[in-house]
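Both of the next two complexes hold subunit A, though its partner changes from subunit B to subunit C.
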Partner chain A sequence: MLATWRRYKLTRWLALVLLIVLILLPLPQFLAPERKLVTNSLLFSFTQLFMLIWMASNWNAFSGFTGYVDFGHAVFFGLGAYGTGVLMVKLGVPFPIAVLGGAIVAAIFAFLIGSATLRLKGPYFSIAMLGTFVAMREIVRIIKPITGGGSGLTLPPYLNRPLFYYVTLIGMAIVVLLIWLMRRTQFGASLIAIREDEVGAEMRGINTTRHKITIFCLACFSTGIVGGLWAYQNTFIDPDIVFFESRTIELVMMTILGGLGTVAGPVVGATVLYWLRDIIWANFLDYHLIVQGIMLILIVLFVPEGIMGIIGDPDSTSLGRLWKKHFGQGEETEQPTTTTEVQS
Partner chain B sequence: MTVALHSAESPSPARTDQPLLEGRGVSKFFGGLAALTDVDFQVYRGEVMGLIGPNGSGKTTLFDCLSCVQRVSQGEIHFKGTDITKFKPYQVAHLGLARTFQVIRVYRKLTVLENMLLSLQWGNLTMRNKFRPNSAETEARARQLIDFLLLKRVTDEKAGNLSGGQQRLLEIGMALMPDPDLLLLDEATSGVNPTLIEEIKSRIRILNEEQGKTFLLIEHNVQFISDLCSRVFVLNYGEKLAEGTPDEIMNNQEVIEAYFGAEAGDDDGF
Partner chain C sequence: MEQLTQATINGVMLGGYYAVMVLGFSIIWGVMGVINLAHGEFIMIGAYLTWIMNKQFGWEPLTAIIVVVPVMFVLGYILQRILINRIIDRPYLISLLVTFSLAIIIANATKLIFTATPRTVNTVYSGFWRIGETSITVPKTRAIVLIAALIIMGLLWLFLQRTRLGKSIRAAAQNREAARIVGIEIAAVYALTFAICIALTGAAGVLISPTTPIYPFMGGPLTLKAFAITAMSGLGSIPGALAGGVVLGLVETLIATFVPGVGTNLGIVSSFVILVVVLVVRPQGLFGGLKAAEAH
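Moving on, here comes the complex of A and B:
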């Protein structure tokens, strides 16, 4: 089955069909609003999902491709949200310009923090980002005259669900497409080289620091846009809901479940975990974080290459090998063979 | 085998009096430990030079300093007349110096072809070109080198699945992708079977004699050094012990003592 899947590139057709369905989804609400086939609640759920896919793709574009794990990515979501909120509430800037301003704030901060920490190899960046996340929440809380402090900011309400649905759908699709294109360029290839062997990459002529900072700023700019959209849709922001600890953890989980460093990984992982999260909340309300933590451990142990890894190479995961053992007969010829001798 | 593995403007193999690579008083200290002390040497364009020495003599540290993976503590390094002492590794690579590593550094999860494509001449790429897919010429060059290095049958195999010898060949191919002037090969025959060693030797010879590539080789295989190198440079305890032709070095009493101790005088080879 997996071989057939790969041979006919069904994923591309499936993605196209899925995109068309998603574009058409809100139409019943316009054409036959009395039937309530598509409710605002459903559109809201999809909007949240698109935002998660968008953010997980951003996180993956930097951490998945370069191997530098960003444990504080929610900082840039928060900066985007607060940048947008402050510009709209305090300065009366229209939303489209405000969201762009918020994203620029996120990108500038990413440049500053990245320039300082991404010159170092190893885990320093991850530790620095973790600290930045905690510090930024407190800074936002302290500068009350600008951010509203712990009381938060209330943005002008604009509850047009179909509009948010389309904006996030288009934004997500563009980001996924750009990452797909980037993976095929020399820039994308150099990011993978950094992940695989940074010293080797540098010795082969790649200015690793510049590449890391560039993709970090781009990813954070994109996450800043999501933050701004989220703030406007939510109409209220405060430090605790914007700088939420598990937001980054969710992005990590989604990307690892889908497939770290793959283009489709965050899309698949975010979709699966988004619906799964509802089930977890419904059944383990008091323990949902514990259940999420256990899931993360299980994913890392049994599906380290993610769902896309199982589809691409069943041998790479224990779950994939189990699948192949029981259902994979007849696919043996599809698997690569290990060659130990030079064939001249 | 005749293959066009170099660009049209590649130099002829003729040796010149101007050193291609030169170290002047190179020293490297790790705290109180002197890994290299006041090392002077020259590598000339078009030659194959050997660098030998007992384990821990500072050979790989010298390679790290030459390729700017590590900064020298004292002294200067000049490549093509440019002082590269404070350069970054990628800047040295852009100048035309490539290297392989003692511990093989290939991208294990990527295919042989992908490994090659990841190792092209980054310095010549503008930012706009970096956001374009690999050109057909780049892929053609990668495939040509893969063929030259006898890896054609494993082109689409993941590098991690290759044998140690094949990975060595792949690493040499990756170093060749940017069409460098000088290649530093760190123990290119380590863990490689004798048949493949002969293949590596013949490839180096072709690259040197037909393409004009200059080589600096770290090696423990004396036969390999004798067959390929015109000059050999010996390090011991981080200091230059001797320099000369392979014959001179093999008959040098100090070198023999450095490898086997003072008692060994009649042994043939290292």
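Moving on, here comes the complex of A and C:
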């Protein structure tokens, strides 16, 4: 079964995504008040999941493909949220335009900060982004006249759960599809080339800085939209809940669990981790962050290729080798022809 | 004018402390290529140990150094053996994620044990020295912290320059393969380097305890400042750390003094701005260190 899975991997994934979308779309139809089949809280938690998949895909589209690890991606979530919030509360802009404005704010900031920091190599970029994140929270806290400072902003309430559900579902599906398509263009291939060998890519005539800044701005624009949606849905934002430390690390964790640099990785990883986190919260409320930290260390040390890595190429991870040893006999012959596809 | 002099004195004293705080971080990075994002959390452990000594046994904060250094040395050695050793030759993403998780675990475990209440230690060295007839003062605790920091840096410099182990550490940082060929046990040097640097970081925690409140999440900003200073100073350079620390200390104090209404919260912003500017203008650092600061 694994072999056929590998051979028709892309088609299968597309089919699977469509299938999930089709299964999930009718959910709110059952929202007849007398039948408690689908509650608002269930829709809400699905909305949260879609947002996480959406953001993890953005993070992966930049960091997973180019190899530049953005350790402060939540800053663009925050800028999107605050951009939307400020436009709606202070200027009375209607929501759809405000969310677009918030995303543009995030993209412009990404362009400015990216032009400076994306010339840096490896860890310097990561920590510079971590610094951006911490600094931005303080800056937002300080400019009280615009952002409301530490006491936050209250957006006009609009509690239509099914609407948010559909908007996030469609947005997420579009983003995943776009990334899947992008991966198959020359642009996507150039990004992978930057990850594998940046100097070599430069020598082949790829303008690496421009590629990096372009994908960075696109990913941050997309994350800004999620931030705006989240702000409107939450109806209240302040620096601490918007610029929340573990938001970035959650995205990183989900992507790595699913498979860094694969299109399906963030989707799988976010879904698994989202439900796993509920279990952790239910059982270890006081020390859920400790458990999460230990989990991240274990994932990074023992399954660095993620779930998609295990499915695609069992030999790449210790867990995968163990799995293959016990369950995967008779499939070794397929190996040479499929290894080239694994990177996708 | 007096305000400026006062701010400069405070900034320099803060900078001396930053210098000793950053060295553990920059030597680990220079020797092993591991960026220890749990650096601030080790400072926090050192500070909490000092607080325990101070509250339980009534020790003067700085004397706690004789307990903290051995404890942190052992902790560092064990951590290196079971965890850090596994990530040394891996891509930097892995070392960032592992040490970041370590930071989350340590901070939250501390919060569970000691609660989030900020703690302070008591010291007999409170009050000020006044300079001449002016209104310029020198806080006694900070002056003593500065002297202790300078002594620690002097000892570390002697250790790195004069002892056999210190020379091995520098050799391993400069060229690992060559060091192995001339007979240096790289694994042992790595384990001892990490242990020594964590002990040094714990000592920095002792030094910080009389001047700031101690709470579980104090580590994050300290790690970021350590990174900013390291970017300026080059990896493992003691004079560089001193200069970088003083620059950051001065900028923070001057901003807090002369820009109204922002307070010290902007310290983290200023260190970040310095970081980005230095990285963009001069990525190799302002001072040569064990080796030029480059991506691992």
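To be clear about the criterion, the second predicted complex is superposed on the first by the 309 of 344 C-alpha atoms of A that agree within 3 Å, B and C clash if a C-alpha of one lies under 4 Å from a C-alpha of the other, contacts with A are read in each partner's own complex, and residues count from 1 in each chain.
Note that in this section a contact is a pair of C-beta atoms (placed from the backbone, for glycine too) under 8 Å apart; a residue touches a chain by one contact, two chains touch by 3 or more.
Please read these numbers as outputs of a predicted model, since none were measured by experiment.
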If we overlay the two complexes on their shared chain A, which of subunit B and subunit C does A:187 touch? Say first, second, both or neither.
first
Once the two complexes are aligned on chain A, which partner has more residues of subunit A within touching range, subunit B or subunit C?
C
Thinking of the overlay built on chain A, is A:256 touched by subunit B (first), by subunit C (second), by both, or by neither?
second
Using the touch definition from the top, say if A:203 reaches subunit B (first), subunit C (second), both or neither.
first
With both complexes superposed on chain A, which partner does A:94 reach: first (subunit B), second (subunit C), both or neither?
neither
For A:290, using the defined touch cut-off, is the partner it touches subunit B, subunit C, both, or neither? Pick first, second, both or neither.
second
Now for A:123: first (subunit B), second (subunit C), both, or neither, which partner does it touch?
second
In the superposed view, which residues of subunit A touch subunit B and also subunit C?
none
Which residues of subunit A touch subunit C once you look at their complex with the stated criterion?
69, 71, 116-117, 119-124, 126-128, 130-132, 134-135, 138-139, 141-142, 245-246, 249, 252, 256, 286-287, 289-290, 292-294, 296-297, 300-301, 304
Sort out for me which residues of subunit A touch subunit B in the complex.
182, 184-187, 189-190, 192-193, 196-197, 199-208, 336, 338-344
In their shared complex, at which residues does subunit B touch subunit A?
67, 69, 88-90, 93-94, 98-99, 101, 105-110, 114, 117-123, 125, 129-134, 150-154, 156-158, 161-163, 165-166, 169, 174-175, 177-178, 196, 199
Where on subunit C is subunit A touching in the complex?
35, 83, 86-87, 90, 92-94, 96-98, 100-102, 104-105, 108-109, 112, 220-221, 224, 227-228, 231, 261-262, 265-266, 268-269, 271-273, 275-276, 279-280, 283, 294-296
